[in-house]
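You will see chain A twice below: alongside chain B first, and alongside chain C after that.
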Partner chain A sequence: MTMEVDILELSERSAKFILSNASAAFANGVRRASLSDVPTLAIDDVNIYNNTSVLFDEQLALRLGLIPLTTDIEEFVPVEECTCGGAECPACKVSLTLSAEGPRMVYSGDLVSSDERVQAADQNVPIIDLKEGQKVVLEAIAHMNYGHKHAKWQAGVACGYKNMPIVTFENCDECGACVNECPKNIIHIGPNGAEISGDDILKCILCKLCASVCEIDAVTVSEDEKSFIFTMESDGSYTVQQLIINAGTTIKEKASRLGEILESL
Partner chain B sequence: MAYKCTRCKRNVEIDYEYTGIRCPYCGHRILVKERPTTIKRIKAE
Partner chain C sequence: MLPVRCFSCGKVVSNVWEEYKQRVAEGEDPAAVLDDLGVVRYCCRRMILSHVELVDTLAPYQ
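Right, the complex of A and B next:
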């Protein structure tokens, strides 16, 4: 059977879809690839010219590192894979500068990038609150790398899935116990006893409280092992669509690399 | 090493042998080390 994708919600940053006719191993592969194998840009080195703020230089650098930057996967390559050999060429490095004087709050939008394609994904991430006379002048150097190196390079955040729930009601006596017990309030009494209508089944959390409370064992809760409800969120470096495509591409590349190795044996 | 007296704000040298930690101009005993003007490179992690 061929794999099917049924999109429930799709916005720039997040997506919800049903992946059916796929194995749990593949679903987990997509999840893991989007978390750790899609390279993204993040601030890696910080040259501090002046810092009279209340934060230590290291703390300030850490905060800068965690700011998501918009990335074009076609234009940049991870430092280790770059042809320059770690010498930091424009293909693997982007420089951003920050110069601010108090009193004011410094936001990620105040970072001035040397490359217009690379900007802070959100303009309103607070970096530091400067008081009267405090100053911060620095140059931040962003590198591309993978999520398995450091969490700041994770393009996918809050990626997860659950199996498609299957709830069946047989010989229901309409006592209404399961209706009151359900924490998601998705069960209601229909013409043929208790039922879950339409897309409400997607809200089921497989807690099985309805089955345990039913005195005549009319409710059975199970899951479809070949079908998954996926939720994916991007940190803003890519649109969620690009993120899933890139995750799929990395899985494909790895599989073909494995094939090449096995063939050469 | 340049230090700064927190009371008279003057740059002072510390004389370890004779006066110890004390401002030679005003006698104040709280001195702070100024931030060097060099560029500091830090790993963001």
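Right, the complex of A and C next:
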């Protein structure tokens, strides 16, 4: 059976889709790859020339690091994998500068990038609230790296899946107990007893309260082990579509590398 | 300052703080404002709900 993908929602930053005819191992592979194996750019070196704000240098650097930067996966590579051999060339490093004087709020949009393709994904992330006379002057250096190294390089946010729920009603006596018990309010009494209609089944959280409250054991709750409801969000460094494609590519690359190693034995 | 990202899931939450603060001060229901701003998971909601702004308190002691 071939794998199928049915997209339920797709926007710039978030996606919801059903992956069917796939194994749990594969679904988990996609989830893990999008969380930890898709490289992104993030600030990880900061040269602070002046900081008289209320935040310590380290706190300021942490806030800068967590700001998502728009990334083109074709254009940049992690420093360790770059052909420059760690010398930090324009293919593995981007420098951004920030210079501001109070009183005002400094936003991520105030970062001036040396490469126009690399900008803060959200322009309105507050970095520091400068009071009268306070100053911040710094140079931030962004590198490409992987989510498993630090959460700031994590391109996928809240990527997860659940199995497709299967709820069946047999010989229902229409007592209505399950209708009242369901926390998601998706069960209703139809012509042939209790039922869940249409896409409402996707909202089921497999809590099994309906099964436990049924006195005649008419309700059975199970899950389809070959079908997964995925939710994925991107932090803004890529669109969620690119994120899923990149996750698939990294899995493919790893598999082919394994194949090469095995062949050379 | 509100942490840039949610501690648990990693979603950027600090960019909604100013609007949230303003709208709640104008008397709107915090839950409805958070829903409207797209902060739906409870991990992200607690970041905003439990935040105490300290910048103004600390500013005179620099």
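Going forward, the second predicted complex is superposed on the first by the 265 of 265 C-alpha atoms of A that agree within 3 Å, B and C clash if a C-alpha of one lies under 4 Å from a C-alpha of the other, contacts with A are read in each partner's own complex, and residues count from 1 in each chain.
We adopt the following convention: a residue touches a chain if its C-beta (ideal position, glycine included) is under 8 Å from a C-beta of that chain, and two chains touch if they have at least 3 such contacts.
Computed from a predicted model, the values in this text were never measured in an experiment.
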item	value
Touching partner for A:58 - first (chain B), second (chain C), both, neither	first
Partner chain in contact with A:28 - chain B first, chain C second, else both or neither	neither
Which superposed partner A:197 touches (first chain B, second chain C, both, neither)	neither
Touching partner for A:11 - first (chain B), second (chain C), both, neither	neither
Which of chain B and chain C A:47 touches, first, second, both or neither	first
Of chain B and chain C, the chain that contacts the larger number of chain A residues	C
Touched partner set for A:185, first chain B, second chain C, both or neither	neither
Partner chain(s) touched by A:140 [first = chain B, second = chain C, both, neither]	first
On chain A, the residue positions that both chain B and chain C contact, one per complex	52
Contact footprint of chain A on chain B as seen in their complex	35, 39-45
Residues of chain C that touch chain A when the two form their complex	1-5, 9-12, 14-15, 17-18, 41, 55-56, 58-59, 62
Residues of chain A defined as touching chain B within the complex	42-52, 57-58, 61-62, 64-65, 140, 150, 152
Complex interface listing, chain A residues touching chain C	52-55, 63, 66-68, 105, 121-122, 124-126, 128-129, 131, 134, 151, 154, 157-158, 233, 235-236
